[in-house]
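Consider the two complexes below, in which chain A is the common component and chain B and chain C are the respective partners.
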Partner chain A sequence: MFDSFLLESIINGLLLGGVLALLALGLNLVFGVIDVVWICYAELVMVGMYAIFFLYVYYEVPLAGAIAAAVLGVALLGMILHRFVIEPVLGTAPINQLLVTGGVLFFLQAAATLAFGIEFRNIGIRMPVVEFGDMFFSFARILAFATALVGVLLLWLFLTRTYLGTAIRAISQDREIMPLMGVDPRRIYLITSAIGGGMAGVAASLLVLQYDVHPAIGLSFGPITFMVCVMGGLGNMLGGFVAAFIFAQFISVGGYLFQIEWGYVIAFCFFIAMMFVRPKGLFSR
Partner chain B sequence: MNTRILGGIGIAALAVVPLLGLGNYHLHILITVLIWGFVYTSWSIMGRFGMVSLGHGAFLGVGAYVATMLWNTMGLSPWVGIPVAMLVSMAMALLVGYPCFRFRIVGHYFALVTLALGEVVRLTIVGLRDQTGGSLGMTVTGVPEGTSLLALQFGDRSTFFYVALLVWLGGLVIWRLVDRSMLRYALEASSEDEDAAASVGVNVTRAKLMILMISAAMTTLGGALYAQYQMYINPETVSGIAISLQIVFAVIAGGLFTQLGPTVGAVFTLLLAETLRVTFGHDIHGLDGTIYGLLLVLFIIYMPKGITGSIMAGLTRRRRPTPAAAPAE
Partner chain C sequence: MLEVRNVSAGYGSFRALFDVSLEVRAGEAVGVIGPNGAGKTTLLRVISKIIAPTSGSVVMEGQDLSRVPAHRVVEMGIAHVPEHRRLFPRLTVEENLRMGAFHPEARRRHAERLDFVYELFPRMKERRLQMAGTMSGGEQQMCAIGRGLMSGPKLLLLDEPSAGLAPVIVQQVFSLVRRIRAEGYTVLIVEQNIQQVLQVVDRAYLLEVGTIKQSGPSAELLASPEIRRAYLGL
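What follows is the complex of A and B.
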């Protein structure tokens, strides 16, 4: 017996995996290099989504321009976040760095409510639906999947093929030695924060095509992104990439078989089970 | 002055508060402070050992929902329902805590794992919408006469004040007991260096599991008490990441390392929210959160010991120079 709906949800899961992988990528990069988890990462995505929405709908900037502006804007926000919030607590207890970004989460979410109200806002672009057999796929998701793959590839090329990328990888391996080799860690941290923020901006541009923007949207993507990163091993980009697809399958197929919330619950139970097996991430050494 | 005498005076002063003829509003504020003060204390009992949980909403939600559902659907008294909820929470804490502590999942990892736990409890409550009412929340079925010891419902606010006061005092007593126990030394050692602690015979996994389960059970009680007081619960207000972060913020603001810190945090956050509400009215959504967030960032950067911690540090600093200056003369 062939169930085309099941196949449809599996493929949709694959596409969702691309988005999650992209979300996890920026967070993993920042953690791997600076050793800080941005709890407010999904809120940066939200800011990017609002930026695209307002630029495109109210100021009638062409979509490509709005997206470029949002990516740059969120990258700048990442740098500001690092310079004014993370840097002052870098030397203190590690958990402070986590909590301080928790404060930023509160702030961004509430400030968005204050500024834009709690309405759901839609960018109003009708993306075509791709039909394949009796299965329907949203074009926006296929686009997101493709962008995620390209993003991963570009980041990988940047990290392995450029001088700056090599410096970033080196500093994540040994924080003490690299300054002696003439690499300024503060500069590397700032650049990494900008790239991490930019990744959030890219994710925002893909999400804004599929979902309505509202101040609490970060709460629906944030926790799942953290789970993906922890399961893949914080800072381990390959692990995060694979974990994103596993999680997306659970959410998509679980949501198809039961209800969408149960997809998340099943994904979490799997997550707990995996912690017994591979506590430090899928590809831990 | 003897702290015990001070404490006695403080408790006596609190006990006569309902007799002063305060209006319902002020009594409501006090009860809310006591309930949340208790919840925050429950969090800080493990938070002070560097075990930062971002998912205490999970235990809060189990407390509120399990007790209420047992009462609403089966007529089971909260006197039974609350212990059942506590057991559920402790089982959950064990299930998540054991792999975490056994495999040294600490710091960021632990915080993120607990964060996920809080979300899953929220999603489970929403997912069980036929039983829990989903995002619409659910009302605790009231007893016709309004007050019933069996149903743990008290129509009269001053009675509830005493219930909340007792629970809150119980929380402080547990805090003190932990503070005086060997568990504290074991956990302080483990939070500094797990290997060193284990090498001198501390069973790190067991110590951490114990404190997590104590904290989880207390938080569950707090959640159930909140449900009994508000008579209405909602997945967003008792579980998930938002309430979990609110707990952390209040404790950090009040002071993580002192007995009364979490309660001061409850007073501080509530006064802040009420002041903003009275000044700006209901219409401006998000203002309190914006200020909370900003304050949380500022607190962690400039005042990581919180209000009480900074006051204590200020007191000791003032006291210390006298003996230190003496030998120089």
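What follows is the complex of A and C.
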């Protein structure tokens, strides 16, 4: 018999996968190019969510304007993070980069708690539910999925079709000779950090439509994002993209077949199993 | 065109070049020859500012390069084709060539220069969508030289373009250097393949353990008893 609930959860998994893919993409881009893991990546998303919340709810900025400001703001934050936190420790032991960005994670969490308290805040936009046959989908999720795909496509076009994008891919393959090409590596790193931050900002605008923002929100999707990246092979953007959809299916379909929490458990078990089978990622060479 | 004046350079406390001076005039092809470890690559690195000299200076067309940032050297008309080719292995041939034309002036003339490079290396046009790292050594060398030419240089620095290639391909590389020269480029070429490079260049400098031991027109060096004994095995 045709199980429309199963189909519904598969499609919901697909929709969730889009957002996970977008989250993973920013992190992978930064890692692939600069060779630094932004441990505080999900906290940048949190900052973006707070920015949208306050601009929209308190300052009554139109939603589109609030989102644009948040994306630009988090992009700027990415550049500041690179320039003042990461650049000073580039070229030192990798553990230092983990420590400083880990420090930023706790700093942002604590700062958000101090500034905004631990309340859960919601921008209070009720998104319609889309009905299709006897299946129901959240419009916010569909929007998030579509935006994520467009974001991924734009990034891909940028990386493959422009001089700057080509330089961003080139620098991860051979940093030393970049000046011979007329490229200033420091500038490329800053631009990459801005794009990574911008992607966190876009993710924030999609998540704020679906979830409440609070100081620990980073913990609810940060670890998943890292697992997606590691499963796809850190720095491998295509791998991360595919892994995001696989992961999302486990969460969504697993959650449907058993219970919501079990979806996560199964996804994590799969992750651990994959780490034994393909420790360097799905598409490792 | 290019003047290297009393340059000393090294890595940490190790000194690889001692008071080296040389000159390349417009339209010339000049060689720097010498054994492995002599400091030839270091010399080219100083010229293109990958490393800074501890003393001395490099002057390109009257302008002292010490005040030019490394990524601006290529805009001054110097293209450096590095040792071991150093292509971006996971970019396509065409993307590698695009990287060579990164600076604004070169971008404007990208299409024209790409046509020129493809005319020079028809093989590169055939392989334009192939990952550079999957090509043979000879093809990679052509791509690396093509990438250098994409910047529209006045002076081309070549670091051992024949290294690691089969004898037939080595012949092709040297005839290519001739052709590039005939196109009006000034060339400074570093080689260990002394017999052959001296057939191609007008003049050469002999570098040994970081100092210039001898210099002069190619014919003179080919006839020099020391070079014949030490390097040509005659």
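Please note the rule applied: the second predicted complex is superposed on the first by the 285 of 285 C-alpha atoms of A that agree within 3 Å, B and C clash if a C-alpha of one lies under 4 Å from a C-alpha of the other, contacts with A are read in each partner's own complex, and residues count from 1 in each chain.
Assume a residue touches a chain if its C-beta (ideal position, glycine included) is under 8 Å from a C-beta of that chain, and two chains touch if they have at least 3 such contacts.
Just so it is clear, the structure is predicted and the values come from calculations on it, not from any experiment.
**Student:** A:223 contacts which: chain B (first), chain C (second), both, neither?
**Tutor:** First partner only, chain B.
**Student:** Contact-wise, after the overlay, does A:280 reach chain B, chain C, both or neither (first, second, both, neither)?
**Tutor:** Touch status of A:280: first partner only.
**Student:** Touch check for A:264: first (chain B), second (chain C), both, or neither?
**Tutor:** After superposition on chain A, A:264 lies in contact with chain B alone.
**Student:** Go through the superposed model and pick first if A:215 touches only chain B, second if only chain C, both, or neither.
**Tutor:** So A:215 only meets chain B here.
**Student:** Which chain, chain B or chain C, is in touch with more residues of chain A?
**Tutor:** More residues of chain A are touched by B.
**Student:** May I ask you to decide whether A:145 touches chain B, chain C, both, or neither, giving the answer as first, second, both or neither?
**Tutor:** A:145 sits against neither chain B nor chain C.
**Student:** Using the touch definition from the top, say if A:180 reaches chain B (first), chain C (second), both or neither.
**Tutor:** A:180: touches chain C, not chain B.
**Student:** Just to be sure I read the superposition right, which of the two partners does A:56 touch: chain B = first, chain C = second, or both, or neither?
**Tutor:** The answer is neither, since A:56 touches no partner chain.
**Student:** Can you tell me which positions in chain B touch chain A when the two form their complex?
**Tutor:** 50, 52, 54, 95-96, 99-100, 102-105, 107-109, 111-113, 115-117, 119-120, 123-124, 126-127, 240-242, 245, 248-249, 252, 284-290, 292-297, 299-301, 304
**Student:** In their complex, what parts of chain C are in touch with chain A?
**Tutor:** Its residues touching chain A are 48-50, 69-75, 79-80, 82, 86, 88-91, 95, 98-103, 106-107, 147, 151.
**Student:** Which residues, counting only chain A, touch chain B once they are in their complex?
**Tutor:** So the residues of chain A touching chain B come out as 31, 37, 39, 85, 88-89, 92-96, 98-100, 102-115, 117-118, 215, 219, 222-223, 226-227, 229-230, 234, 259, 261-262, 264-265, 268, 271-272, 275-276, 279-280.
**Student:** Show me the residue ranges of chain A that touch chain C in the complex, using the header's touch definition.
**Tutor:** Of all residues in chain A, those touching chain C are 163, 166-167, 169-170, 173-174, 176-185.
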